[in-house]
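As structure tokens, the structure follows; a few thoughts come after it.
Chains: A, B, C and D, in written order; residue numbering restarts at 1 for each.
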Amino acid sequence: MFYFQNDYSEGCHDSILARLAATNLDQTPGYGTDAICQSAAARIRRACGRENLAVHFLVGGTQANLTVIAAALRPHQAAVGAVSAHINVHETGAVEATGHKVLPLPSADGKITAEQVRRTAESHLADPDGEHMAQPKLVYISHPTELGTLYTLEELRALSQVCREFGMYLFVDGARLGYGLTARGNDVTLPDLAQLCDVFYIGGTKCGALFGEAVVISNPQIARDFRYLIKQRGGMLAKGRLLGIQFDELFQENRYFTICQKANRQADRIRTVLAEKGIPCLVESTTNQIFPILPDEALAELGKEFVLSPWGRVDEKHQAVRICTSWATTEEAVEALCRALEKI
Amino acid sequence: MFYFQNDYSEGCHDSILARLAATNLDQTPGYGTDAICQSAAARIRRACGRENLAVHFLVGGTQANLTVIAAALRPHQAAVGAVSAHINVHETGAVEATGHKVLPLPSADGKITAEQVRRTAESHLADPDGEHMAQPKLVYISHPTELGTLYTLEELRALSQVCREFGMYLFVDGARLGYGLTARGNDVTLPDLAQLCDVFYIGGTKCGALFGEAVVISNPQIARDFRYLIKQRGGMLAKGRLLGIQFDELFQENRYFTICQKANRQADRIRTVLAEKGIPCLVESTTNQIFPILPDEALAELGKEFVLSPWGRVDEKHQAVRICTSWATTEEAVEALCRALEKI
Amino acid sequence: MFYFQNDYSEGCHDSILARLAATNLDQTPGYGTDAICQSAAARIRRACGRENLAVHFLVGGTQANLTVIAAALRPHQAAVGAVSAHINVHETGAVEATGHKVLPLPSADGKITAEQVRRTAESHLADPDGEHMAQPKLVYISHPTELGTLYTLEELRALSQVCREFGMYLFVDGARLGYGLTARGNDVTLPDLAQLCDVFYIGGTKCGALFGEAVVISNPQIARDFRYLIKQRGGMLAKGRLLGIQFDELFQENRYFTICQKANRQADRIRTVLAEKGIPCLVESTTNQIFPILPDEALAELGKEFVLSPWGRVDEKHQAVRICTSWATTEEAVEALCRALEKI
Amino acid sequence: MFYFQNDYSEGCHDSILARLAATNLDQTPGYGTDAICQSAAARIRRACGRENLAVHFLVGGTQANLTVIAAALRPHQAAVGAVSAHINVHETGAVEATGHKVLPLPSADGKITAEQVRRTAESHLADPDGEHMAQPKLVYISHPTELGTLYTLEELRALSQVCREFGMYLFVDGARLGYGLTARGNDVTLPDLAQLCDVFYIGGTKCGALFGEAVVISNPQIARDFRYLIKQRGGMLAKGRLLGIQFDELFQENRYFTICQKANRQADRIRTVLAEKGIPCLVESTTNQIFPILPDEALAELGKEFVLSPWGRVDEKHQAVRICTSWATTEEAVEALCRALEKI
């Protein structure tokens, strides 16, 4: 079987395994205060083109989302995001468990617009009963989104601008950031994110690490006492250097970007076959996620050799599925899938 | 320098590293639903001598504590523990952040007694204004305690009995359980814990794993929907098998116990030297933690070669320190420390 | 000026004022344990036709909603309600502040259907990743709804049945229950609510009391330790008898229903004029709230004499407004409004 | 029977009842935005000698405590108070339910000292593992304390100074403030409180009102968006003017102070008898609470005519009780109690 159902089925890039072995019996201070974490943070700051960034390493995405939001908001404040946002749908109410409402905005492609944010902010301010509603204070987006789509730099700038205009924070969930920043047509860079967001994170788990998300904070209001928040929410790893190792390796020799870009190119090859066969997709994307709509029989046939991710029935005879490539996807698997799709 | 300041300075047991490498490119389902986690859980159930136990793997101790307590309690209910309990002192209010009060009981050696619990429960029940106070519902102890001390089986039975009498849960934090269960004089076993507690966990982080705590739940009230709680609190590891690997290796060939026992024996050698020199300790312990009270000059001298953990000034000329051995402590280090202590 | 903007502008029914004065210097036990509260609870149980009901008096609706939901749910569980539900829109995230997500269902008229609840429950159960989502556990409806609409007994039975089928709680917010139960066409009674819901409340604040909502709990799971929850959430009134007085008076001589019915009849008179003038409403209702869509000039004219509640622009030239009658609305005010509407 | 068991057994001062009746059918805007609340707030600002104070009216003390603390603290921050503090003991974990730890300081008389606060702050700052502990950020005291004792102006100044030095908030719970400010020997005034605290409240419930606590906030950090917090925590009264009425009446003609002072004088008379009889008290106080230690037989005898509040057994033959006078205590009751005590 070839597995295309997600991008976290395998372990990690070889360099990380090697580093784990090489440092295994080193004795280092705990909780992320070690030299490896410092080195990894320095590499990330360099890649972001700025020194005054707080960098913290957390184990997973939900943990990163809930910790950042708990750090940023006062009790009556809400996070605003697409109705399909990971925090709104797939985190078992983790944000609400920190006490905060998620205000959902309609979205067909997983993205939200500066105009939507503006309307939300303005209508809240204009409402004489505003204090009877949760106050929109943080805008949560992901790049790429849940549907693999991307913000343009212009869209991101507009979001950033409207947030600053209304005193809101902009938070970018980059669980798949490596795939986003290396996709065809993407014009957003790490320095852009560091400049335009108040806080974002660089996903490791889905981009070559065993685990780990590097939270990058430019806004000192959110950065203040952030380690207290990490500890309180159960996210402070005793052997913190393990997280440092992930990012210290991925941010050497451009690895983070190289391995993600490879996965995007593999996805492009699959997309080419789909296009040639006239198979439609739920959304257009250029990252490592593809959402084709396939006839039931074709899916049954593909299911003998490939594990894909069901994504909902579209009509009586068609279903959408998610096909994910990853940093670990083999050429052999892509070849096999392309050949199988050609035969549909 | 030789490091004795804690038991989480190094990486992990060789077998774990080897397994990580051997399985690195295997493709497995995410979030702990894989076969390695199942195998590890089965080994733990076997070691506990019972089948009807829910076993979940979490990354760290604070995460385990807060998730278990959030799963167990209704909003008005409190956890009862020693004033020195980890949840009361060293988790940045993680339990309170889930909405629950920690009710501290006085304790000189890190332990609490069944009698203290009984008095707490009875006085709450007897108080006509009981509903104006948080309701004591879960008893939290650790074995070994923060001070390396141990409960006897009889003490544990008494705690279990009083908890059942008053409808309270008994929760044992076993962050250093391996050191506890293999210490001189310990008469508690895993099957005892599985029978006497509602929930406990087997610490990996400090006992040979890269990270990981195996939460073992015998009470179905707490076990119900536990994975929802894990996900909500940010503790669900995408590549869940990494946690399975830790425990699947540690629970082969009696490794978990062998490596911890070795550390206890090393600690015993240090204790012997301390006793011979007439150096007092804060508390008596037989596990991998020792809390000697040393003259300032001796500490200054030791500090040139050894990193110990400061544990508070005792008088004008003496300080307590913590000396930790661990599964990774070398014979060379113990030898060096013993020789240095002999010279005081 | 005549005020029709809401149903909580005035104080309370005369009988309550008189009782306050008559009992002012009586000495009674605190916190709702007094005889007046017991008498009021007994009257409510009688009106509900059942003895085994827990009755608690809270000061306000948001307090009642958040306390009930906090008492009913475990941390990973969510309340399901109409997108326009008070708890979803107008309580500043009070439910989320207790840690729980509100799952919104689409609704045009403020009501949700048993079929919607069934689909929500079934799709959650069917989802292999269900544990990554908040678990729907409590269905929140209001009777009347935010838009003054009513559930039929059949609809309520269907909701109750689907809740029981899926192990969910049914919670009815009755902030305006008096208006609902006495409206033209309503076929729901207090005994129906006591039988079909797990918990509901009888609104006092908007129905003749100075303040107060009587929470009626038939499900012992929710009732257990409820007073702890009231105290913890800041809802336990020291001079609890004040709440008892409200309901002990309103539930004498059928007052609660008589005064609300009068307001419904006044609203009917206004509705008749609107219908005669061909003025459309946002929704059809038979309770004390009316939502006509009026031309801007007409509103400007009305605004000179009447305070109505703006309810959103409908098109360039029309706005919806809310007209509320209440137990305190005078005949003179209704006459004046009818005459003014006739002149539009 | 004469009731001395607390100071909230009766209703309210006559002037409040009269005002309720006089305004009953007035139509006012809801939620505390009415003219009566504004007038009451203006009176309080005047009494505090400052204009730039936010004044909010809440129904009860627990509600006030939890709302203020939720408004003031970030998630990792704790409130520091006496171990006997109301928030630590008698609010069913209400503060913890907002996510915050209460750090208890030892206290024999209900008071804490600036020196204790300094040590707490300094030791937290000095601890290299400080981020593993909740951060002390708000100092909670009550004036008078749970035991009826009072801070001197000098003590209050010292507390205020140490708070400002360490960036902590000073919060004074004034549930019985009227009794405190009018007690023999008290040298603290409302303007002192307004100047020295970041936030405090003026208790109405126990000092002549039906209910109500006036929260006075001088620190704009806490004042910002405070109404959102009130609403979110269920504390926003629909008919907000009811709260305004309490304080608008109490702060006319010096009533608040006059009626409390009378109760203090009545308590003084009881204290005189106790002193003459050589009956010791748990603590010395000059406010309306007295804590005599009485022989069991004497208590049995007194119990035939008087309701006192049991306060714990002192030895085999003696118990402490609380005797409370209040604004409503009659001369007759005081006379009777004095005579009975004389006979012991």
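Just so we're on the same page, contacts are C-beta pairs under 8 Å (C-beta built on N, C-alpha and C of every residue); 3 or more make two chains touch, one makes a residue touch a chain.
These figures come from a predicted structure and were not determined experimentally.
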item	value
Minimal step count in the chain contact network, subunit B to subunit C	1
Longest centre-to-centre distance from subunit C, chain (CA-based)	B
Subunit B and subunit D: spacing of chain centres that average the CA atoms, whole Å	42
Between subunit C and subunit D, centroid-to-centroid distance (C-alpha), Å	34
Touching two or more other chains - residues of subunit A	75-76, 91-93, 97-99, 131-132, 134-135, 228, 231-232
Touch list for subunit C against partner subunit B, complex	70-71, 74-76, 98-99, 131-132, 134-135, 225, 227-229, 231-232
Residue numbers on subunit A that touch subunit B, as the complex places them	3, 6, 8-12, 14, 17, 20-21, 23-30, 59-67, 91-94, 97-98, 205-206, 210-211, 228, 231-239, 242, 328
Interfacial residue positions of subunit A with respect to subunit C in the complex	75-76, 78, 89-93, 96-102, 104, 129, 131-135
